[in-house]
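The following pair of complexes shares a single chain, subunit A, combined with subunit B in the former and subunit C in the latter.
On to the complex of A and B.
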């Protein structure tokens, strides 16, 4: 009770505040201390309501108990000390402070006593500041009374625009309405409210206003002096009906009913209409519907067209508000005969037949078809009129879109000129006639000079320069009468056309073009029905990045280059004009790129590293973006193409050369090589035995087998084989017997004509291995056939009897004979011993023969058996195995003389 | 009498709509009042079907004559104003009596009846403004004057019927008088 002094809060002027302050101070100064609670002072005013943006002054009065003077007083806004400049000392115990209230000003204002260095400041008193704005004046007050039932509602609803500041303080809105009779008011919201007048005060004058009030004050809007009629908004006209009358194909009668009795408000009306689906309203001139009426006839409509009509109303003087539009009412005007030509056009289709085209005649319904087109009548040149009926499914004249109707397709010679005429008809009548001239190919009128395109406001525009036509005596008139713009979608081949007037130079394509779709747009100048040459250009309504990248493949890879090849992106997927291609190739984490022109579809990337992996892709770009192909990997080669071949060829040539050189060398050195490989064999023909004359009978000459202890073995060189065989052939009949006789007779050496001459080594001393040791005891002998062995025989003797007598020669060889020779086993063993050097015996694994052969060779090598050759004719190729006793014929010592005496000597050799 | 009133209504509707002048608005208001009174009578007839074939007998309840050729337009308006005050008094009595009998209902009849009362008050204010005098706009009738003479329910209903007819009559008279006045003043009065 002692601490607080309740003072009226709010805004007060300075003089009254001053007075109040002084009175309060006087009361406080005289006030005895009446509380047991020690109080140190107080602040005036208590709990004030302060206005944001205004100054506020408070005074702190210090009591004696505080033991402080005015100099010790400090003001604080919460924790912030108010600067001393804002203090005013009233007397020794009272100090006032003036602060400007803002949104940020703290709520608590404290009066404190400055403390000692040891003590903190001491709070004497504090007050809570309640901040806020005074109410703002509402503006733009407007009121309305709507129709309710058959009269105007008694509720008047008003709206206004409240203030823009935040309402910190609680604010009330009250709407007032004043009538001469009475005043009414109603509680309102912040921006709207209503008043119920009980009965709508028709034809009375009203005053409407809004009052806004909070603790900081009250404000009133401007008073809206208004006539009741200005508040009225009636319902829209009711029962709107449209009547279509036969024989009046261009009018509709609209009727409605007044929404409210005329005594409440006299109305005027508005009518608007449009075709179904268009939404493009046409309003009947207001003057035509000013009067208080309930019907109106719409005129100048299109036949066979469905119309939507709406009506609204307002006070006939325009007071108040327009009603809402009535609900849609629709009606169709009756049909009329077509009043415009069908849109006749053609498409020239190239034909495979030479000098001929195919003409596809097509059309669209007349713009003013005035009904459903049921068919067309077409006439080509001098032919008859033919009827093309149109099914309901093919054509819906009631749709907004005019469909293209293909009529005829006929072959048309390049040299033919013809006139096509067309009429459309509906249930009422025929249209005017359309005509089109298809000129000879050589007589086509000229095209426009140039053609360009651009896009603007989402539409594709075409611009062209008219053809430069001069009168040249051509069959067509030299004036362009109109232009036809034709566009074809590249993706699906859909086409359409539109007509433009003769003076038009720029036109927007009216079709429903698709974005990112390529269109070929052609402009045909028309010369009184003659179709001029077209000029065509490709265009896009809107370009985008290609839908897919090019399809890339590596055509060739080299050591340091690679040839890439890609296909052009299909036109329907380009979605724009390709401006360039960019080739990216990546190796070792580094990416390189090359930009090539749009007409490039292959490129050889050079300066690549050999034997390296590359990833490559090609990016196709349009003005709106780019799209990459898929990545393609490949490796460059280690060697360039042909490099390996060159190496192989050079190596091969070198090898061949070396081989040839070797061969030449071998040939050149053949003798010496031969000598190294095949040691010289003594030629038996040069042996002393060869010089013997075999002129003795077989019996006489047949040596005693037992006596032939030593037989020389003759080795025949491989080179002798040929001659041997030839000789064999010559003397085959004889040989058989001879061989047989030899077989029989060669019990010592086993040499025969059929087989190679045997070399038979007698080995009397099995344990002996040194030739020298046996040479003194073994002699060699040669068996010489009567026909001569391999031609070695002297001139053949005349056949006498059934057999020839072989001659035996014996050498003085000391070579011991082999067992085989000493114990011949038969013809087989003789055959196997034919060629011990080169021949492999067929029965090589025959132990006996093999042993024998090996043994022969071994013996020959060891002992250097002296072989005798019996054919002196081939002495050039024959060599006899030198023996210790004998030498080869070529300069070597001859064979040792046989110890067996020759009976009749040798036959003279041929 | 009712048929006669209908003819008068049709005639009234054919007249051009008054303008926004005071006389014009007063004439329009009188026309609207006449419309409302007529409608109120229709509703009453519907409610009291017994009375549909009867016509109340007797003279006018409000016996003032506007047809005297010596009366100026202003004097006619003043007489009209007085007659309307009496009509308002009668209507107040009618409402009071019906509410005493049937309680406070909220049907269409009661709504229209209230509208007629309000609009009659509006018209009194409008004629007062036209007269530019400090005319009284309060009801000028003591309810017990007529009620005392009415015996029985039928008599009360016939009295109500007569009052409604009186309202129609004077509303029509007001409409015509004010329309004439409007016609006279048109062009002179600021809109």
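On to the complex of A and C.
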């Protein structure tokens, strides 16, 4: 086994270290190789313990086997080559290196031989560096010995603050204690330890210290030179007891026992107390309890109050440590009679009865009730004292909160002034008397000038200006004696009040106010019991965003506007003062907003697009936030209201106007129109033919009789229009319609014949179907007399035998035949039949008219040629004006025309 | 005798044995008076005050110790304490002036220590290891040693030019080499009885010395302590 020289580093000084190094090198250079493993050199020292932050020097000694010199040696810290500047050549075979140890310094230090360009570097030797810090000095050493049984424990426990650096190396802590008589020590942890002295060294002086040691050194804390009593911490006083004594309602006697015998430690005590549940401890002045005693009388306590008492102790000179507080001991002080007035107040409730109000009298227990209030005695004006008992369930005098006790509710005239007096009583006695004056409504003292509020440190504060009162002849004193602050919750109507002194101008509300709740705060100036007028203001302890948004609805939608309406948010949900409303309306992805004031509850949004969908919501805002209403969708109208009606009316008017214009044009241009429609036809009467009509020589040129069947028979109404109508109306009122139909038909037939004479011509074969009243076209014809009007007696045949030629007219009509035609046997038929023009050509064998018809037929046959000759002139015939009908131009019945158109002409329709 | 005691109480726990060993070490340490911290230059009043309180404590414990001793000796315990024994130091403090009386206190404390040690050894054979008597005897030695050192410091403070003799003023303590159980019980009771009496006298002496020696020096401080 190879032997190496292990030299401690950091402990010995440099000169001795250098000497040892040289000796080692000499020995190593001379020593033979003793291992089967070829070694090329070694590093001194081996596996050193190095201190972080300090320099470390190592020496590499090269053996002959390495075939290297000092120039070939270089150092590496793991993979990093140490610069040559840190090397020191000792001789040809030894090179040392000095490095500064840091936390980052690699653990391995290698000595290598530089290789040839073809060969790799060769490691000659390596050492492992163990880094660490020297121990740090502990500070703030303190020791304690607690009580164990009836004595002080022999174990003294100490604590200290160790160093702040990490303990890389294993470190031991040892606690030492030295007495005059002996030294003691004990193993300790990093920051605490204890020594067992066997017997606690009472009344002795001792020294305590801590030693910290690791491989890099040892360090000792400062010595704690201490008197043994300074270590002592006794148990808390035992058997703490509180005695409540009758007739001593404001004191409690506290007693206890010493936790340890006075020969060990002479103690002094400390007492503290508080009311149950308050946690607000009051300490008895230390001077009162510094003597070695076992009882103390607490004074100036509140009657009928439960107190918690704790006691602790310490060496009477203040050495050592305070013991822990003893366990809670509770006791209640005896009751005493109330020593303050009950808090009397009233609430005025408006009454439905005119000139009357209702007064609710209420009170709170006296601040110093000194016991459980069992009842109240109340007297109103000059009445008797009445007792109002208070149930246990109604009142808990032990609670910190003073409850409001409603006493009376009485009607009170506006013109009445009264004094209310009240006393509270408990099991011991009565309280002083409280009084309150309710003035006449007209005599109420003035209110404060102004009132404001603010919040500060989570409390609601009220500030006011006192009333400006001048001495007058009023029944009350002009000086304000106190103020009453009354607050009423808007949400639930809960109310409370508090009293403030006359000089107070700013006061915090002492009640348990809720956040986001609206309170109506009133300040009443009090004038020696007289209640002044209140001044009220709304306030919030803390405002928040409204609990809900306003309820919005669309009141009206128009083409370009919409009227929105919303309700005010209920007061209990506003959670703050509404600062404004913001209306948002969204269409087509664009949002617009309008801010309106708080007193606005409807708004007409204008400039909206017509026939568009809008989403609307209204946001209510307070200083602390905003809340939106639910979205409301609606569509604007395509047309404004009345717009459609206007269009319809205008179109109608335009149409009517155009119609009227057309009619007027027609009327004014009737002649020209008529001429266009009915071109003028030469009057046959003026024809030269008429002059030669008696001359029948030309008849030889007329077609033969065989062609008669092809001749159209045209029925021409030759009656005068006026006479026909009058006759129809007078004689046949019940047949009016049929008449009109007949006339119309005739007109149509006539018109048809006039406008299109060729179309009106039909075969004579079709005449055989006449008399059928079917829906199909009925062709009928009549013989047109050459003279007379409808209803007139036809001209006697002899007269007409030479000059009149019966003519046949034919009409095409879908109208059924007139009754007179269908039933010619009636009187009317007979009357009609007197007119030969209404006779029927075929089948005219009815009644008395049969002869006439036959005669007409015969005449027709005789005059067949003539008819056929005149038929093409029907149009001209129909153009004849009624004035020309049957009359000569001179107004006298002229000679009978030889053909029909000259006799009757065209009959206009009725 | 030791083997007999061990046979009688084989159920002893390790902790008790350790406590006994600790007591032995403590007693051994008492002999090395210079092992602890040296006297400090303190106020006369404070010195004597602490010593008085320590004396009072040891005296109170010696009363209890004697009661426990008598209770643990069985029958005839009262008889043991009435037997005359010459080898026990006389508890009377001697001397004409405060320095002599202080020196007498110191000598008596030192003189009683070997007797207390002897009684402790004897009772360790007679009593079970868990007996409170042994602990109290050890504590008495421990506190008496401390008291002796405090008296020495006070003496050096009050009379810095007077040497402290190496041997007790009353001469070296002679302890009878061999005693039987009866003699041991009688011896122990007389030692504790005289020890109690000694402490009573030391209390008285210290109060006197304090009044004589410290009144003019630290009057104000005295009032604070009392």
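Things worth noting here:
FYI, the second predicted complex is superposed on the first by the 635 of 910 C-alpha atoms of A that agree within 3 Å, B and C clash if a C-alpha of one lies under 4 Å from a C-alpha of the other, contacts with A are read in each partner's own complex, and residues count from 1 in each chain.
Keep in mind that, in the parts below, contacts are C-beta pairs under 8 Å (C-beta built on N, C-alpha and C of every residue); 3 or more make two chains touch, one makes a residue touch a chain.
The structure displayed is predicted, hence computed values, not measured ones.
After superposition on subunit A, the partners subunit B and subunit C collide with one another. In the overlay built on the shared chain, the residue A:501 is in contact with neither subunit B nor subunit C. Applying the stated contact rule after C-alpha superposition, one finds that A:206 touches subunit C and leaves subunit B untouched.
Judged by the touch definition given at the top, the superposed model places A:317 against both subunit B and subunit C.
In the superposition on chain A, A:198 makes contact with both subunit B and subunit C. By the touch criterion defined above, A:183 lies against subunit C but remains apart from subunit B after alignment on the C-alpha atoms of chain A. With both structures placed on the common chain, the touch criterion links A:64 to neither subunit B nor subunit C. Of the two partner chains, both subunit B and subunit C are touched by A:261. In the superposition on chain A, the residues of subunit A touched by subunit B in one structure and by subunit C in the other are 179-181, 198-199, 201-204, 227, 261, 263-264, 317.
Of all residues in subunit A, only 151, 179-181, 198-199, 201-204, 227, 229, 261-264, 266, 292, 316-317, 319 touch subunit B in the complex they form. On the side of subunit C, the complex with subunit A involves touching residues 22-23, 26, 29-30, 32-33, 35-40, 50-51, 53-54, 56-57, 60, 138-139, 142-143, 145-146, 149-150, 153, 225. Residues of subunit A that touch subunit C in their complex: 178-183, 196, 198-199, 201-207, 225, 227, 261, 263-264, 317.
Across the complex, subunit B meets subunit A through its residues 13, 17, 19-20, 25-26, 28-29, 31-32, 34-35, 114-115, 118-119, 121-122, 125-126, 129.
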